[in-house]
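What follows is a group of structures, each given as structure tokens.
Each of the next two complexes has chain A plus one more chain, namely chain B in the first and chain C in the second.
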Partner chain A sequence: MNRQRWQSVSFRNPYLFALLLFLLALLVNFIFQPNLFQRSILNSNMRVFLPLILLASGQAVVILGGGIDISVGAIVSIINAILASQLGAGASAEKTLLVVVIALLVGMVAGSINGFFIAFLRLQPIITTYATSFLFAGIALYILPEPGGGVPLVISSFYRDTTPLGLPLGLYIILLILIAWYMTRQTRYGRYLYAVGGKPDAAYETGVPVNTVQFSTYVISGLMAALGGVAITLLTGSGNAQVGDALTLASITAVVIGGTALRGGVGGIAGAILGAIILGLFKNIISFANVDLWWQTFVNAAIIVLALAAPGVINLLRRKRI
Partner chain B sequence: MTVSLSARNIVKRYGGVVALSGANLDVHSGEVVALIGANGSGKSTLSKIINGVVVLDGGQLLLDDKPIHFSSPQAAKKLGISTVFQELSLVPQMTVAENIWLTREPLRKAGFVDQKSVHARTVELLALFEGTYKIELHPDATVDSLPPDEKQIIEVLKAICFDPRLIILDEATASLDSRQVQRLFELVEQWKLQGKAIVFVSHRMEEIFRIADRFSVLRNGKTVGAGMMKDINERELVRLMVETVTATNVGQRHRLATKRSDEFPLRLQVEELKTEVLKGISLQLHDGELLGIGGLKGQGQRDLLLALFGDLPYLGKVKVSDELVHFKHPQQAIEKGIALVPGERSKEGLLFIRSILENLLIPSWKQYGFPLKMHKAHKDGSSISSTLQLKMESLDKEVSSLSGGNAQKIVIGKWLLRNPKLLLLDDPTKGVDVGTKAEFYKLLAELVEAGTAVLFYSSDDEELLGLCDRVLVMHDGKIHSELAGELLTKSNLVAASLGASNVSIE
Partner chain C sequence: MKRITISPPVAAVLLAIVLFLLSGLLPNGYGNNLSVALAQATNIIRLSVFLGIIAAGQTLVIISGSEGIDLSAGAVVTLSAIVTYVIVKGQDGNVIPALIAALAIGAAIGFLNGIGIAYLKIAPLVMTLGMAGVVTGLILVAQHGNVSGAVAPLMTRIIARPVFLGIPGAVIIWIIFAALMWLLLERTTFGKKLFAIGTNRTTSRLSGVNVTGMVLLTYALAGMLSGLGGFLVLGNTGVVFINIGNPFLFPSIAAVAVGGTLLSGGKGSYFGTMAGALVLTLITSLLTTMQMPDSVRRMVLGATLLILISIYGRQRGFRQ
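For the complex of A and B:
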């Protein structure tokens, strides 16, 4: 294999590291929890992992497009607050559907706000979404000042116990996301996304609608965060306006573990999903190993710092060599 | 296929700076028009207006005799106008095929990209330059992994993949080798036969005469001449590019060195200095000498200064006062008495929101101990500012309160406390008004008089002619020629900048 082919292969398979980490995490988890591969355990794991998987998928799209979305956790909180406060245990099926649809729209509106500021007013993604995260968190607290509320039991048990063909519901959702992503990559939009994340100036000069693409990534992220919010509400069956707080950092970490470069233009959603699952397994391991939960935050943060430092370190080494 | 484009009386301003006023260009099917001009004459701006990257402020664009208005490159592309950009428009992380077809991907039903067709057509396009690649070029290779000439070829292929009617080649040959240029020119001949129109922007005289049918010359944003290539020769073309009556900024020629500088010791010796851009630079500079560096923008002048200042890795031998050095950090260069005055003072030269005193003392705080001896600092600051004749309220005012000229003095003044032996100037008067320039020249003259060696890159030819005894003209990362004495004339400077082979005494 010649030089170019090899480089392109390693470029095209940024998931290699994630895959190895995944196998390792799986192994360690299995040692602590030998019944890991039992159907009921798998199902409950997937149920718990799913909200982060959804968030990380959206985050991956934003980061691929050269941005970052720090407001996803707050959007999750808003959705959770809306669902728990509006539904309660006795809501009818029609009302539930209506409220869920509204919640998804709210997520997209929140994403549009981010997208508008960043793509059309050219504000910094990190500052903008940090600011809007407080806005969204405030709205969530306004809707649901105290933890409480709930969702009809029928729905949360549907989320918990539906296992088509004996496989966890989450697997089917992952499959759906992957199919949607695979198809997106085959469209012009998919190419635009990579181009905008890779080199926006070049993309613009080529005629790619850069602003629109950037805007769309935040709408997608808002929608995925809303879906994550729905999932977490069904998982917990109750409302808490701060439920999303911890998810923001985790979603970024998942994307980074999955081989997507924080500077944009390289990577994909499959890696982010794998990254989210790895983080879930870490969490399992930490709880089984009886280690304090803050280790989880520590690990997340360390991964991001390393990912940020890597290009700089490589540059430094290259400079030294000459 | 027929096409005709004409740009009439185009005006473009960036802030207060007029880039174009009264620029014209006509190009028709089956011909190559060379767009020519010296540094800053507005060639790039004009081609960016034609391809929709920049929006014009005045004038008219006619395509096939109908007025057109672009708001984006997309709009221009839709009308069949395509550009090979000087600063490539490729996304490094994407593959060759993805880059070539970006926004033009052949689609199957339902909006999916037709991968097979993309691959097949990319192979076809790559075949146009068959035999000029170092190793076989694969459609799935990432662009990042390619050498500069192959990137340039991809940029060309990208511009022609959708069969445009008008192609703008903006310095498209800059990084190509002679075989690749030859192939490109064969293609240009084919395009002409197909009825395409081509605008050829180039600095290489030899290529202009080889390929162009007509020419259009820009000077200071205005079209000053156009005609058939066969009716003109190199010398006349250069003369058109050069102002006949020089409204010189420098005023009278006050060449600085009154004494012969080679009586002084050598301050700087450079042998075969190489970086990614520089292809082997050798030069010698004496104390009390002002050595000019000229040439078109981006021929490696900045790299040379940065490398000498330890801000860019390089290969080669550098001697400062007969001592072999290899700086890896500007700090080391500063310790040897070298100072760099950057061109963009707002970005690199000054901290606008900090005080005048702080800006003056930035390179020298080391001398003030711990805790800083502020009294001494104030005293030194005052003495420097009176040397510079700064017009200011007080040393503690922020730099942004100063006029442009006074701020410019600080860029150089901050090095004076360290008593620099070698001053590297990177186009220090770019965007500076005439009065400021005059004061700057005076300061420079005093420094040279006092024995400082100065390496002076300027994009302003007048300035080089007015100040320097000797000018090295850089072209394509090399020193193309050394002009001194009688040979140091405006037309020789311009001709050498363009890589013309012969320099003559007029």
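For the complex of A and C:
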């Protein structure tokens, strides 16, 4: 393949590298864990990956629109705190539904706070969402000062063990997200999103409502973070106001590994979902490869850096050769 | 109509002074006791030094533009503090070698960041984030969670105690450091080129600036300054722990932003960052003195930060 073709291929398919990496990670994981494709193992993996997948999808929309959202982890924590403190182990089905709906609304409100400051007051995204992440983390701690609380067992086991047609629940959710995403891409909003992320000034001059589109990306991200918060609460079955802390940076890494450029306008949600799964597979591999406990953080981080560096290395080598 | 404009660094300093004066009215504030007020003010300035110096490297990479940012600063601070702690072993004679080692390790990590960013075209945010993970992993591997060593009396004397007219050594170090930073940014070709690549990398390259070299140098320098930060932080605390550097990471970015340096690069000053570090440290320590629960403290800090950046962190609108 000559250089032009490789460039046009990688330009038209920003997911290509992520797909290769995904297959590689899947293969390595399979070698270390031969029963990987058993239904129960598949299901337990998917339910662990799902919170990050949801978060990364929202993060991808924000990054596509030229922003970044550092507050997603704190939003997850708020949702976890709300669910665990309001439901407890004995809540009825109606109450659970009500609280979950309220939690999703809270996520969207949190996202619109971000969006308001960034899109309408024109503040810089990274520092704004950093500030709101303090605000949200404080609220989460205020709601649930000590780890505790819980959700009804029925609901968490529904999340854990529902496998329609023998396939994990998470797969259906991913499918739903992807369908929604491809439908959105066909609409005017989808094209606006890429225009705003790529060249906001040009988009503004051609009549795209830049501020509204930017605002909407943060609301979407807030909603996805809230869904992620619901998922992680059902997964753990308990409350901890700092549960989301580690997810923020992972969601950004997942988006970038998935081929979405941080400068905006290139990429999409499918890559981010792949990226989130890849990060999860990396963790699996490390735990099944019997890496010494003290080495795990290092090995995990080193693999991630290598994965980030690989496209750059490929480009560098190709430029040298031709 | 002419709008009254105050430059962000001045505004931040004024804000710090007003906040400090108001803090005297708190139930457990200094009231009308002048010497207590003075002691408190000195202490807050002394505490700002560490954030201020760690934020110096952050200032450089943020000025260099192209979404420049250093998320590995916190991990580098921890690593260099641990390295210093292990090398010094309580001996005054080991302080200089330890300082050199801390600076060298910081610079090496920063250099690796620079290679990833300049040659492999990895976005600075994720490159330095990945590096933070690698460094944290290294710390765990090398120390298995426990370290043995000690701080030399010399370090405590110079950094934590008053050395001259009751002024703590750290503050004097900061003043000298600030003068050097000003010289670096305003009076050297490095500084000129740094602002140039921050404004527009393409035009800088076309006018003969070695952009790749500058990016490498900037990140290496930033890493080195984080190393210095780790050395100083250790001198202040006297003990080392595995999370000693993390609390400085995001405040170092916030200090730069509060000081009026554009996060998009090409514009800013170290004085702004100093003022930002002062304001952030002041707010944090006020919230601590007011004995609020952790949750309220975080909320107030977040809200204050939002208000601060709303006042002068705004980018231009599309219509302008």
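Criterion: the second predicted complex is superposed on the first by the 280 of 322 C-alpha atoms of A that agree within 3 Å, B and C clash if a C-alpha of one lies under 4 Å from a C-alpha of the other, contacts with A are read in each partner's own complex, and residues count from 1 in each chain.
By definition in this document, contacts are C-beta pairs under 8 Å (C-beta built on N, C-alpha and C of every residue); 3 or more make two chains touch, one makes a residue touch a chain.
These figures come from a predicted structure and were not determined experimentally.
Once chain A of one complex is fitted onto chain A of the other, the partner contacts of A:191 are limited to chain B, with no touch recorded for chain C. Within the superposed three-chain model, A:304 lies in touch with chain C and out of touch with chain B [touch as defined at top].
Applying the stated contact rule after C-alpha superposition, one finds that A:204 touches each of chain B and chain C. Looking at the superposed arrangement, the partner reaching more residues of chain A, out of chain B and chain C, is C.
When the two structures are aligned on the shared chain, A:262 is found in touch with chain C, with no touch to chain B. With both structures placed on the common chain, the touch criterion links A:183 to chain B but leaves chain C unconnected. When the two complexes are overlaid on their common chain A, residue A:162 makes contact with neither chain B nor chain C. Judged by the touch definition given at the top, the superposed model places A:132 against chain C, while chain B stays out of reach.
Within chain A, the residues touching chain B in one complex and chain C in the other are 201, 204.
Residues 53, 72-74, 77, 83, 85, 88-95, 98, 102-103, 105, 107, 111-113, 115, 135-138, 140-142, 144-146, 158, 313-315 of chain B touch chain A in their complex. Only residues 2-5, 7-8, 11, 183, 186-188, 190-192, 194-195, 198-199, 201-209, 265-266, 319, 322 of chain A touch chain B when the two sit together in their complex. For chain C in complex with chain A, the touching residues are 67, 69, 71, 116, 119-123, 125-127, 129-134, 136-138, 140-141, 144-145, 250, 253-254, 257, 263-264, 293-303, 305-306, 309-310, 313-319.
On the chain A side of its complex with chain C, the touching residues are 68, 117, 121-124, 126-128, 130-142, 145, 200-201, 204, 210-211, 249, 252-253, 256, 261-263, 294-302, 304-305, 308-309, 312-313, 315-316.
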